[in-house]
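In the two assemblies presented below, chain A is common to both, partnered first by chain B and then by chain C.
Here is the complex of A and B:
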């Protein structure tokens, strides 16, 4: 039945909800369902000794040693949970660890690996849940760690806000995500080959956060004392195919909603040829850039330093200059 | 070139058609950033021909 006032009715209903996010305006960039299936497959393909993943996980967990606080309870969100679990080795004073991923197979993999690590005295529990809909009680964990998982969320600020709410006051949020420079060679090769072969462009690499946005993301999510730093890793492969296989094994295959679901064999061949001719080194190996952005943020607490109120200075710069005899006018 | 019986046809193609792939690649790389459709068609057809030979089983 046609209702001419349907739109007005819907708008009225929307206004009466006090939700922070309007469901209709949420942009679906990634197909989460497909991502879950890819991660299921990655659980089987993943190489325990993968140096990239292990390096990033180790680097992330290392930051726990930079703080004097201990974190008795911790939540590990998606990405490379297994690598994180192996890297902990007693750092950070973690006693209780919750491992969470949207893929059941990944969680099962971690559970099976737990047998080898039982000497760590960490009580682990496992959960299958979505990072964008955290089923964690508010203010219940001291630490939230996410290693290379959050760049697949449709609503990254929302996921970070939920992480912050799950943290106790003075809790720490540690995340590593891929940055905008990641796989730039692949992006270029794909675009060029696609344009030459088919005349158009199709998105093959996800939109990734830029370093300058990372700080904004942290403050927008309400974290205090935000810290961002970047690491760029160049990984060499024998051929473009190996790169794609590696990405598949890490669970990082394309999951964009508006991807072209069909890669013509000609275009794939052209991409590999272009990649190798444009970026190959003398020994024939091709490089791929992985830019990892490490983000740290804390949940607010009175013990944290705050910026002083404007106008509360007691010493002027002129006095300081006179003290130290600097050149002045 | 080595005869490989890897399961991935694309891998076999790239191994056995290295010369054509390189020619196609350098043709495209030389014309960057002005890319137009089918501007390296000749080289690509040579590569495609080689690919089809590999897939047919290299007579």
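Here is the complex of A and C:
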């Protein structure tokens, strides 16, 4: 994994990126302002018993128990931060938590819910901010955690670089994003229904990162000891419309810049019909796949293990074989 | 600056005041109690604080000075310093 020119390459990427960091990203895939509005709506529709979100949040926070380090100060980026707040329950030694989202209503909801959770003595602060423009001083938090929010950023590497800069040395970046397999059934159903009713296709489901991209993203953002793993969840709904309701409640509605801004009623119904006829289970329920990519990365610190420089070995493998290989034969 | 940071506590929490910087320039923010906002001198933008929650999305920010006032960085700095002194 550690090729000799890996470090140079990473440094080069970092440098070439930093110079462009403050310039507006040219490619705008998602309408961030619309996403804010959708998240405002999601704050009203929020379902605290959403098993998908709760499972992902719990899985993510659970990773804090795998490390011996404690994280006195943590920053929770947008996404399902309400679920994260509930699932911390004293894990990771978090003392100070900053919760951040781009939607004011979402932040307000979390602030109002705080009084029900005050038993675990975490000092929480709240702010409204954009992951792409992180207003956090360099080297100031031990943990950046993001649950199902970063897949809506236009500039994911930029957001991750900013998160890395916000971390103290040896700080942990922990994120869950939806992966490319997410909603593949809906993607297919939408395409077929659109072709049939309107004779053309427009994107209804956003492009998402693939698993192989996630590792590259972490390395590109300059994290050390990158780790990626994937989970797939099947959620069953009574009808395709219920799926759409669920997506709305999560704030995961379509926010592509190039979307067609209306959806014809019969196309919508056709999509639901295609979905049901193609993917419905025997008992009539509608399955939907959610692929979640978990990413972990650390900010560089000299205490971390790393591969030795190539050619720095002082003992030849042949000698080792002579020494130990001779004993076994 | 010191005077500013001791006042911060009153409208936003201490933790936040220690960590927040301007989302665009990454420079320190000054708390303005009078307008209940956070001001980034580096780019001349004020961000509102609503109900103790600072709103730091670039879109929420308001440009304080007009473009014609901001001909050079130096004159801009002098102007804002003057303003602070008046307060």
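Convention: the second predicted complex is superposed on the first by the 288 of 329 C-alpha atoms of A that agree within 3 Å, B and C clash if a C-alpha of one lies under 4 Å from a C-alpha of the other, contacts with A are read in each partner's own complex, and residues count from 1 in each chain.
What we mean here is this: a contact is a pair of C-beta atoms (placed from the backbone, for glycine too) under 8 Å apart; a residue touches a chain by one contact, two chains touch by 3 or more.
Small disclaimer: the values here were computed from a predicted structure and weren't measured.
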Which of chain B and chain C A:237 touches, first, second, both or neither: neither
Contacts of A:133 with chain B and chain C, given as first, second, both or neither: second
A:197 touches, of chain B and chain C: first, second, both or neither? first
Chain B versus chain C as contact partner of A:266, first or second or both or neither: first
Contacts of A:33 with chain B and chain C, given as first, second, both or neither: second
Touching partner for A:276 - first (chain B), second (chain C), both, neither: first
Residue ranges of chain B in contact with chain A within the complex: 8, 10-11, 13-14, 21-22, 24-26, 28-29, 32, 35-40, 44, 47-48, 51
Chain A contact footprint on chain C (complex, rising order): 12-13, 15-16, 18-26, 29, 50-60
In the complex with chain B, residue positions of chain A that touch it: 192-193, 195-199, 239-241, 265-266, 268-270, 272-278
Sites on chain A touched by chain C in the complex: 22, 33, 36, 73, 96, 98, 102, 104, 107-108, 111, 123, 125-130, 133-138, 140-141
